[in-house]
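In the two assemblies presented below, chain A is common to both, partnered first by chain B and then by chain C.
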Partner chain A sequence: MISSAVLRGIGSLARTRTAFTAPLAVRCYSHAKVETDEEFDSRWVTYFSKPDLDTWELRKGMNTLIGYDLVPEPKILDSALRACRRLNDLASAIRILEAVKDKSGPHKEIYPYVIQELRPTLQELGISTPEELGIHKV
Partner chain B sequence: MLASRALVRGLQSGFWRRVSTSSAAWAAHTHDIDVVDCSIPQYNNRLDTPLPDVPFVRNLSAEQKKLKEKEKGSWTQLTKEEKLALYRLTHELSYAEMRQGSKEWMTVLGGVFIFLGFTGLLVWWQRVYVYGDVPHTLSEESVAQQTQRMIDMRVNPVHGFSHKWDYEKKQWK
Partner chain C sequence: MSLPKPAMRGLLAKRLRFHLPIAFGLSLIAAAAFKFGVTEPRKKAYADFYKHYDSMKEFSAMKEAGIFESVRPTGK
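Up next, the complex of A and B:
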């Protein structure tokens, strides 16, 4: 006749043992919410759309964005180019286009696509691409 | 000898420094600024930093100031040359210029080979004029006597030296 206390003890021991032998499918990932691509894009579009964005914020935003392991979406770049326009900075606008081309690396089809998407904005604001100015090669 | 070698190296490094930077960059490098003030933001050419902290040209001439004023208006009014001028005011090197390599490696490799060759000449001179004669035991006659003795002693008879000698025919197998 085993006492109830001992039975309770065995029961809890059995419980802990099942926790140790949990199936591999249950991994210990962080519980933080993963940002979707759309959220990322809209966050950056909002950043550059700030009406009173100053030059430091533009530079910081752009340098950070280029630091990420991705090529920014045309809509983010559109927002950034308009920010350059508000700050009367044509050189930075051209520099941003150069940076996008550089960021695409071996994927040569990305840059023409981005320029194609940005063409209306480039025409509206009067921004020339690096190719039009001849600085795309030495 | 050592002093002249140091002099040659000093001249060569001065030569290389001028060769490896273009004359325009060299002029920009040496004008006005003796010591770079690291306590204030500096301009830099980096692929991962498209917009540097400060523009490349800080002290604008009257003409450049006028161009900057024109920049505040519509950019469709600017000519290609003006746009290019604005770009060059803010940035020293374009991305393509940053990415281009130089031919410096050829100079370096050539210099290495020159010095190796020179060292080879020195070593040769040393071999001829500094080292004495080689021991007499390395003469042909002495080596023949030594080999005969090794065969007589049956050195390494199983797999090695004497194994290769045919004792009946008195010749190498």
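Up next, the complex of A and C:
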């Protein structure tokens, strides 16, 4: 029967997708080289480290990064926050923190971990978290 | 006390891998339930009605009731 064959197909599709944890460039049919997590992270750290990054590139980078199926690593966020400092953009810096919390979704342990890892950077650059400003609740 | 690093990648993929087969399965079950709960009994009801339907008898009954304009009841 057609429906049982389709169900078996969906079940086997779910089971064989062992590479579901990698967010990018993992297709069953492409021969392109799969980028590792470390390569992905360092690519983005480099992107935000550009000394003459302009505001458009900062916003574009953040929007692209938010579109991926992952919460950005603290080192990428550190690089982005330093770019905000170079551009004198405190609003975007705090917005980046709000975006991390939003990307975590139901996984409430991610945001406190990221803030913990970013605490030295936040202190150095003088960035307050949304909770410290009281703007974390509607 | 420092927090351990949680999983930060592929969270949506993990959720979909769990929920999509369930969603697909439930949709198929809903479709099957509608087919066997509604459409098949309906088709059977029509088939049973018309299995021994005598159209001429029904026509004569309607004719005698006088509802037609093109053919009047017998004796009128």
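The rule is simple: the second predicted complex is superposed on the first by the 110 of 138 C-alpha atoms of A that agree within 3 Å, B and C clash if a C-alpha of one lies under 4 Å from a C-alpha of the other, contacts with A are read in each partner's own complex, and residues count from 1 in each chain.
The rule is simple: a residue touches a chain if its C-beta (ideal position, glycine included) is under 8 Å from a C-beta of that chain, and two chains touch if they have at least 3 such contacts.
Model, not experiment: these values are computed from the prediction.
Once the two complexes are laid over each other on the shared chain, residue contacts for A:90 go to chain B alone; chain C is not touched. In the superposed pair of complexes, A:51 makes contact with neither chain B nor chain C.
Legend: residue contacts after superposition of the two complexes on their common chain; A:37 is shown touching chain C, with no touch to chain B. Within the superposed three-chain arrangement, the count of touched residues of chain A is higher for B, of the candidates chain B and chain C.
Applying the stated contact rule after C-alpha superposition, one finds that A:69 touches chain C and leaves chain B untouched. Applying the stated contact rule after C-alpha superposition, one finds that A:116 touches chain C and leaves chain B untouched. In the superposed model, A:105 makes contact with chain C only, not with chain B.
Residues of chain A that lie in the contact sets of both chain B and chain C are absent, per the superposition on chain A. Chain C contributes residues 2-14, 17, 20-21, 24-25, 28, 32 to its touches with chain A in the complex.
Residues 47-53, 55, 71-72, 74-78, 80, 83-84, 86-87, 89-91, 94-97, 99-100 of chain B are the ones touching chain A in the complex.
Against chain B, in their complex, chain A makes its touches with residues 58-59, 62-63, 66-67, 85, 88-92, 94-96, 98-99, 101-102, 125-128, 130, 132-138.
Contacts from chain A toward chain C in the complex involve residues 3, 6-7, 10-11, 14, 17, 20-23, 37, 69-73, 105, 107, 109-110, 112-113, 116.
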